[in-house]
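Consider the two complexes below, in which chain A is the common component and chain B and chain C are the respective partners.
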Partner chain A sequence: MTGLANTEPKLESPVGAPAAVATVAASRKGRGEFLYFALRSKKFLFAMGILLVLIAIAVLGPMIDGTDPVATDLLPMQPPSTDPGYWLGTTSFGEDVFAQFANGLRATFFVGLLGGGLAALIGMAVGFTAGYRGGWTDEILNMLTNVVLVIPSLAVLIVISSYLKARGVLFEAVFIGATSWPWAARAIRAQTFSLRSRDFIDLAKLSGRKGWRIIVEEIAPNMSSYLFMTFILLFGGAILIAASLDFIGLGPTGGMSLGLMMFNAVTYGAALLLGYWWWFIPPGLGIMATVGALYVMNVGLDEIFNPKLRDI
Partner chain B sequence: MRKYFGRKLFTYTLTFFIAATIDWLIPRFMPGDPVAGLMARQGALSPEGAAALSKYYNELFGLNRPLWEQFFGFWTALIQGDLGRSVFGHGRPVAETIMSALPYTLALLIPAILLSWWAGNTFGAMAARRKWLDSAVLPVGYILTATPYMWLGLVLAFVLAFLLRIFPLSGGYGFNLEPSLTWAFFVDLVAHWILPFLSLFLVGFGGWAIGMRNMIIYELESDYSRYLEALGAPQSLVRKYAFRNAMLPQVTGLALQLGVIVAGSLVTEIVFSYPGIGLLLFNAIKSEDYFLLQGIFIFVIAGVLIANFLVDIAYVIVDPRTRVGMRGGTA
Partner chain C sequence: MLSLNRVSKFYKVGTFGGKEMAAVRDVSFDVKEGEVVSLIGESGSGKTTIGKMVLKLIEISRGSIVCDGTDVAAIHGAEVKAYYRHVQGVFQDPFSSYNPIFKADRVFGMIRSEFFPGVPNSEWDAKVDAALRSVSLDPGQVLNKYPHQLSGGQLQRLLVARALLLELKILVADEIISMLDASTRIDVLNLLAELKGRGMGILFITHDLSLGNYISEKTVILRRGAVVEMGATDKVFGNPTHPYTKVLISSVPQLHKKWAEVEAEIQARGGDDAGTCLYHRFYRPTELSGDSTEDRPAMIKVEDDHYVGCFELGQGICKV
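Take a look at the complex of A and B:
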């Protein structure tokens, strides 16, 4: 869940300075080149296709269907059929499973984007600072990272959530973001470390620019592909953590999410004992498809950004 | 090496201190009053009765004492192994309640972690740069590692237990059996263990296989591999070196993934009503048993820290640089 930290992308180690000096020119030419390879990468296109279908369901689903996901006015316990309102069947309480799925998918993307985005921001802030400054700043930030890294974020989230009577999706996303950044910070720190001693950074320092400007203008652009891929892994990780939290029964109150659907199906509906597969299969499948597509996209991007891995 | 372990131990001690402090802080600084919550469950009370009960609860939990004294008392009790009493466990001490669930969780976790790591690494290493095997391992691996633990559990339970009736659907052992040292009980125990174990194993397997595959590809691209190839070394020898180097990040990865795997076992146990820590946690949340909940938190943290330390020891064994004091396994 913490984003396959061990499969994290490696920044291609460029041979010496020339590659770095040519950055500005290359980045303009590079964009076209990346697009060229992106449109020829089967992995990237496949993942993008799945994500677009899922986003379409999340955005358009509630508009087309229009049923309140928690309204109980349908026939209960109906398996999926072609009748309007019964596409994915109904729950034991007569709720529309498709409406729940589409709304739950929205929450999933929201938590992933916000939680993953926040984690990426914190990870970048900590990683860049520690890697660029070094010395005592690095020691302290590194210690902080290691401490947060070993504490299982789900355990902390469980204890905090259990004391809150009303919980929103926003709260969930923010807390996931605030606890799942450490591996990203560590990876970014290591990359910054390797860039810091290059000639072009020395040159930037000589020009008298401030530290944060060198980070934003020189270091970050040189590992932008890496940062983007880190965000994708954090995105997927946040979705999986949210699903677990929801499934334990500590998800958002008064909303719908894919994890909550599975929680309701198992805890209140006894769907497993009664064989109502249409109630718990779609939500998990939705999570799996989303996260799987993100991971595959990550590999696709790795091959697009890193010429060594291209087999096109 | 002494420096390496000293550093690690310091981090873990600090982590435990911080985690336990969070555990102590949360109920005291969260919005809402835990005593009010407890009183609400007593139903209607006369004003005098309510005041007396509130006073009683505040004294019982020591909430009327100064904060530093509460904090000190918390640590004294923690070091003595006193985690309070469980409401869910009918007043049994929390530590005792958790200890009775612990064997089930460990029986799931330890084999699942070790076997999935071993099998994943072996398969991943075999698959790298081998066309047909790779095209099978890669998609399967990605699907598995993207699967939420509880959903894989639900699917396995639905297909293998509900539809095909090969394995029992839930519980740690049959309702008709009493725990005993008999063969029949052991067989039943294993039958109940297989599905939750399989859920944990499969998700982990996918992640390790992909991680190893990617690492091997990177290693095969590196200069030393190219050099060996140029010297005319057999492919098996190049792969052997690649595997050894690819192993190190996988050991570090094991430490990183521990928290995730533990979280996975918590939700998997809920799916199968498997009587370990996860199910206990689920019940603690349902019955608002905060002592039990916080006790479980302490146990989970301590367990993950101990496991991390074991991985550190393993790292020293596989990475010689840490032994001679070079910067190998810092971080």
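Take a look at the complex of A and C:
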């Protein structure tokens, strides 16, 4: 999945350098400080606004308008209008595009949250363990990371798909989570590595603290902003991967997603050729807006956490 | 009580970790109850490395460290925790000894939760209070503050207080004086003397000869990871035998003198002591005699409680 390569976070420098000091300072001052700068960061507010609107559509849309996204009882190929059921027009099968959009957005957030969350968890587990333990543990985990990195996950997915008759959104999310963690693991490993040689880690050891508690209580809090940003980027990455999988027909076999809408529009509806723009523009915009907002949010967070980038 | 037996530490260096660098070589000495042993050497001579090996924070490459019959390298898990109840350290850099995002007194909290989980609040507070007072800190001034709100000296003394909460037998004090101003220096030195009186053994790491001379019963002079001379402090200072120690001690009154100048002076004097290596008058150089360095002690006895190593260690083969 090539989309992954450039999702690596462009954080300034590992812990120990000024950016990390900023991180530390930001987390020290606590939530008040964070909120203060968050509310002053236009990028963050802008991205948050877009995400909130999208989340509202995803959550409330299907609740208010209970139309079945795959029911074919409407007039086909209607452009958007104010009539109920035709807000975003209909597909060539007579399905409600708005219902599909709202439900698809739901699936998109679900995949992002679960896939990105899972990848973040695996990445943290592997990265923290490898970075803290070092030695053989590190070498083995590093090997595992590299193996997952070079596995052609698309080929694996095609093989799995030929065995599984029905694939749900859950399967897709888990698959994405299980394959997109390596860069996060690497980044976290590097940060952990530079933190573990600090004297306060030794002092915690001298206090009889166990390894995992040192990771959770001493190391992780020192890179909390980094972890948060990693999650945001994995979230966005998972959405993009899901969209591409759906678009090439490897997505969930039931249900609706934004990628699937585009797949249907192009494959069955010839929407591009025939100019049914209302069929493929909303899902495309939805994906773009979600991922774009997440990335802008990441840049905004960088400014919030790093005083050197703040324009005061 | 604490005994180092031919301890060495090698670090892998170079691009692929192909080369080994000896940070500590063949070091043996003891720290007994109620005794301060000062470990003196210039920057990079391996002092901290030795301290960390004693504290089981880094592995021992060769040799062994034994404390009260426990082989430090052989203990695991709960045994390590039991070891830390009696053996503690205070590190060189007080600022990096604290997790910057938490309050400084969290170091006490950790000790409490790991070693004294059942102790009621009032009893614990009294204990902390007493520990703070014994390092001349005012609890009201240092508790409930973040590390960046305290001075290096206060942080350093908090660390000593932290160690005092436990039932200490051995304290590894790595340059704990250098961060302090003159008046607190005296306080901490007096505290160390008092701890010594209570039977604690202290490994006092310093690069300050006069400080070592002032406080310790025993002195170990370290150079490039190896002990050049050691023994009772009055003997080492009164009758320095190794050319390195001689130059060092003759330059003590000249406080401005840097370690680098000492090194230069030794090179310049080189001729004087050549051929007089006591060690190799006793042991013929290994490449002539054919026996390996493993078989022989690293030092020879000059007099009771006074030992010296090869004069030219680290500069190639001793020419005798």
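To be clear about the criterion, the second predicted complex is superposed on the first by the 278 of 312 C-alpha atoms of A that agree within 3 Å, B and C clash if a C-alpha of one lies under 4 Å from a C-alpha of the other, contacts with A are read in each partner's own complex, and residues count from 1 in each chain.
Convention: contacts are C-beta pairs under 8 Å (C-beta built on N, C-alpha and C of every residue); 3 or more make two chains touch, one makes a residue touch a chain.
This is a predicted model, so every value here is computed, not measured.
A.B. asks: Quick one: chain B or chain C, who's touching more of chain A?
C.D. replies: It is B that touches the greater number of chain A residues.
A.B. asks: Applying the touch criterion given at the start, work out whether A:K165 contacts chain B, chain C, both or neither, answering first, second, both or neither.
C.D. replies: The first partner, chain B, only.
A.B. asks: Which holds for A:A204: it touches chain B only (first), chain C only (second), both, or neither?
C.D. replies: Second partner only.
A.B. asks: Give one of first, second, both or neither to describe whether A:I304 is in contact with chain B, with chain C, with both, or with none.
C.D. replies: In the superposition, A:I304 touches no partner, neither chain B nor chain C.
A.B. asks: Per the definitions at the top, what is the overlap between the chain A residues touching chain B and those touching chain C?
C.D. replies: On chain A, the chain B and chain C contacts do not overlap at all.
A.B. asks: Residues of chain A touching chain B in their complex?
C.D. replies: Per the stated touch rule, the residues are 1-2, 4-7, 10, 142-143, 146-147, 149-156, 158-160, 162-165, 183, 186, 236, 240-241, 243-244, 247-250, 259, 262, 266, 272-273, 275, 277, 280-281, 283-285, 287-292, 294-296, 299, 308-309.
A.B. asks: In the complex formed with chain A, which residues of chain C make contact?
C.D. replies: Touch list, chain C to chain A: 52, 55, 57, 80-81, 84, 88-89, 91-93, 96-102, 107, 110-111, 114-115, 146, 159.
A.B. asks: Along chain B, where are the residues that touch chain A in the complex?
C.D. replies: Within the complex, chain B contacts chain A at residues 11-12, 14-15, 18-19, 22-23, 26-27, 30-32, 34, 142-143, 145-152, 154-155, 157-158, 162-163, 169, 207-208, 210-211, 214-215, 217-218, 221, 249-250, 252-253, 255-260, 262-264, 266-267, 270-271, 281-282, 285-286, 288, 290, 293-294, 297, 300-301, 304-305, 308, 331.
A.B. asks: Please name which positions on chain A make contact with chain C in the complex.
C.D. replies: Per the stated touch rule, the residues are 24, 27-28, 198-200, 202-209, 218, 221-222.
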